[in-house]
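Read from first to last, the chains carry the letters A, B, C and D; within each, the first residue is number 1.
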Amino acid sequence: MNNLIESMRDLVIANRIIAREGVVDGYGHISLRHPDKPDRFLMSCSRSPELVSLDDVLEHGLDGEPVDADAPPVYLERFIHAAVFEARPDVHAVVHSHAPELIPFGVTDVPLRPIFHTAARMGAEVPVCDMREKFGDTNLLVVNREQGRDLAATLAGNRVALMRGHGNVVAAENLHAAVMTAIYTQRNALMQMQAMQMGEVTYLSPGEVETAGALAPKGTLGANRTWEYFRHRAGCANF
Amino acid sequence: MNNLIESMRDLVIANRIIAREGVVDGYGHISLRHPDKPDRFLMSCSRSPELVSLDDVLEHGLDGEPVDADAPPVYLERFIHAAVFEARPDVHAVVHSHAPELIPFGVTDVPLRPIFHTAARMGAEVPVCDMREKFGDTNLLVVNREQGRDLAATLAGNRVALMRGHGNVVAAENLHAAVMTAIYTQRNALMQMQAMQMGEVTYLSPGEVETAGALAPKGTLGANRTWEYFRHRAGCANF
Amino acid sequence: MNNLIESMRDLVIANRIIAREGVVDGYGHISLRHPDKPDRFLMSCSRSPELVSLDDVLEHGLDGEPVDADAPPVYLERFIHAAVFEARPDVHAVVHSHAPELIPFGVTDVPLRPIFHTAARMGAEVPVCDMREKFGDTNLLVVNREQGRDLAATLAGNRVALMRGHGNVVAAENLHAAVMTAIYTQRNALMQMQAMQMGEVTYLSPGEVETAGALAPKGTLGANRTWEYFRHRAGCANF
Amino acid sequence: MNNLIESMRDLVIANRIIAREGVVDGYGHISLRHPDKPDRFLMSCSRSPELVSLDDVLEHGLDGEPVDADAPPVYLERFIHAAVFEARPDVHAVVHSHAPELIPFGVTDVPLRPIFHTAARMGAEVPVCDMREKFGDTNLLVVNREQGRDLAATLAGNRVALMRGHGNVVAAENLHAAVMTAIYTQRNALMQMQAMQMGEVTYLSPGEVETAGALAPKGTLGANRTWEYFRHRAGCANF
């Protein structure tokens, strides 16, 4: 199997995984930098992640537009992905979601912080981007390059950024890291809300965040324990 | 397919969707204004939304009564729908539910307000109707035209009204908007409860509520991304 | 179909319903007074409700013992049911569960009270029974007639009693009422916990509790909307 | 069926059960002391519990290493199990998980305590182990014998220990007790969080913890009511 087909297949599986795990619902999307052309990225046309199939995957340019002029309708917020890939050569996969547990952290002053090791990959700092500061009252969607770049600037070198009143973006070095970061950041959020109701919280130390956050599986996706698990749960064991 | 059959089919799918998404359980109902006769509306006979089929859909008049004198038993609270269709010519679809996350907002002084863009469609204000003010101690059900009209008067020009100690009503310009508003109002409620426990909450600004709340999909229901998603989840992909 | 077989069938369905709705897990049980012999009641042998079948249903006497001396092992806590049937001729169905949302109300001073009409059937007052007061330190199980009668005395004329550090008992005039009361009492508990976090709560008024609590479906179980819904969800549509 | 095969089969079922009940996700593991060789224990190779099959079960020594030099990759944290089996001859089954409801208790000063009888098996005291005290900033994983022994020392004679910012370990006298303790400790955690928000909590008394915690089913696993239930839910009814 060549690189491109394998990437497309993995991207379809990743779509199904984030749907199954509650990261996305009818909205939200995940993208993967093209394995051979770093100035392009792969992402579905405008379809809910649970339903994405190989036929839906399109090449997009770093301007956010589909390469094929005859492409079916694409996601309105493709500029989130385009801007992150443009600003961050180290990033190879991006998730945008409205993961519900993260919304409260975007609309209050409480910083989202890792309280257990599996969430260390979200990093020590999770910035919050508020579009209103630069763009005034909008419908909160990121619908052009300027808005995408503003979000990428807030994200800066981090793994996760929250978008006030909207959702979040996850940027990672590969598809597995993006999926895992999206899932465990969300789970951390619920635990953190619960722990904060109980009393003073001991978060991971900076050194623990760095060390546990750097944990990465060796070998191929196909040989990875958590990928095997999540793809099985998503009904893609034999895809 | 003619208008009526297509409307009935869409209404059946909408019933299954709101059941699948936890908006309704054994109780609750959804209705659609008749596509050709604005003084009638379509709604199931007395059956739980998860089980409604084409055979169950009945025409009702704006008096709340089924047009067919030989109709099977109908919902006790059909007067909610009748009164809203009567008072609001702009409304073409109505949901009544006991969505659990909304009950706490109906029995406390806390206003339900949109904290993320997808819930902006609930509008800036969600009034609360308390039957006891006008009708004293009842079983809280809306069982006649007078009670229906009282609820419609509280709803006024809004999209959503809460019913103290009972549930809520959603009124929208079409079936898709009604379903989406019901689902995302409920999800907003849980996020708002969580955010309020954490600290001062930044809600959408009035301008954002207006702009994001006016977002509406173009094209037919069949071509709509979220409708495709929700109907698939509800087991109606091929209905 | 004769009364007894029909009762046994309905009891099996009720077992599956309360398992499906999260009222019970591996523990918990539901019983039905014998349709022809008021001094006997029907209940499964020692099997988890989700797995109960017609073969498992046994006749028990009001002493809590199975009528058939060769019966398979029975529930340790059958004395809960026996004592309630003994003390309350008006009661025809009893549920004992560890429904998780109710546990916090049994171990704090917060009274469980109906905040929405569907839960009015739990009644205005839900007493809490603490075995320790009379029996000292035990394993908290109700394992003899004396303990059963103590619980029945606390329950008195109510529909629901909580058991501190253990669970609850629901007593109703028929199987449908018992199932509905068990389900909606549990759902009320979660809503009440949420509402109490938000501020001052308006509970149903005494008059509303009485009026809404007296709502009862007409006709047979088979013709009942919510029973049709719950049995369908429990996989018993064609049982 | 000989002892070893039966043990392996039960261990596979136990893996599926703890996955189904939300104790573990892609991470986490369960082990069983070898039925014939007390200085060995059985545990899967590095595979998520939901997917473990008979082929995956390996013998491990008390040094944490697989007996077979050609074994497939094993769990990084096998030293948790090895150290507990080494220190506690009374223990025959060990679970390590990141059960989400327990994380908040590991990162705050709130002691986890049984509030209902089914959770009494967790014991009156649940110590918290913080690796940082002895090992400084790590990735929080227990990856050698020294770290395993440190955890076992904190666990001491208890059934459950929490691991700050990581998860927990459950140690029990047999597989059924380990599974039940893992499940009900987690459920207790959620109830306790809820109850603490409501007011002063009455926990089980020391005498109740002792008496209810000592409850143990008689007879074989195959004849056990809760085991039958959980294995059925896990899809292993006929395994």
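Throughout what follows, a contact is a pair of C-beta atoms (placed from the backbone, for glycine too) under 8 Å apart; a residue touches a chain by one contact, two chains touch by 3 or more.
None of the values given here were measured: they were computed from a predicted structure.
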| item | value |
| --- | --- |
| Intersection of contact partners for chain A and chain B | none |
| From chain D, the most remote chain by mean C-alpha position | B |
| Type of chain C:chain D copy interface by residue overlap (half), same or different | different |
| Between chain D and chain B, distance of the C-alpha-averaged centres to the nearest whole Å | 46 |
| For chain A paired with chain D, centre-to-centre distance based on mean C-alpha positions, whole Å | 32 |
| Residues of chain C whose C-beta touches two or more other chains | 197 |
| Graph class of chain-chain contacts, one of line, ring, star, complete, other | ring |
| All touching chain pairs, where touch follows the definition stated at the start | A-B, A-D, B-C, C-D |
| Residue ranges of chain B touching chain C (in the complex, touch as defined) | 25-27, 46-48, 50-51, 98, 100-101, 103-105, 107-110, 132, 136-141, 164-167, 193, 196-197 |
| Residue ranges of chain A in contact with chain D within the complex | 115-118, 120, 187, 190-191, 194-195, 197-208, 210-212, 214-215, 225-226, 228-230, 232-233 |
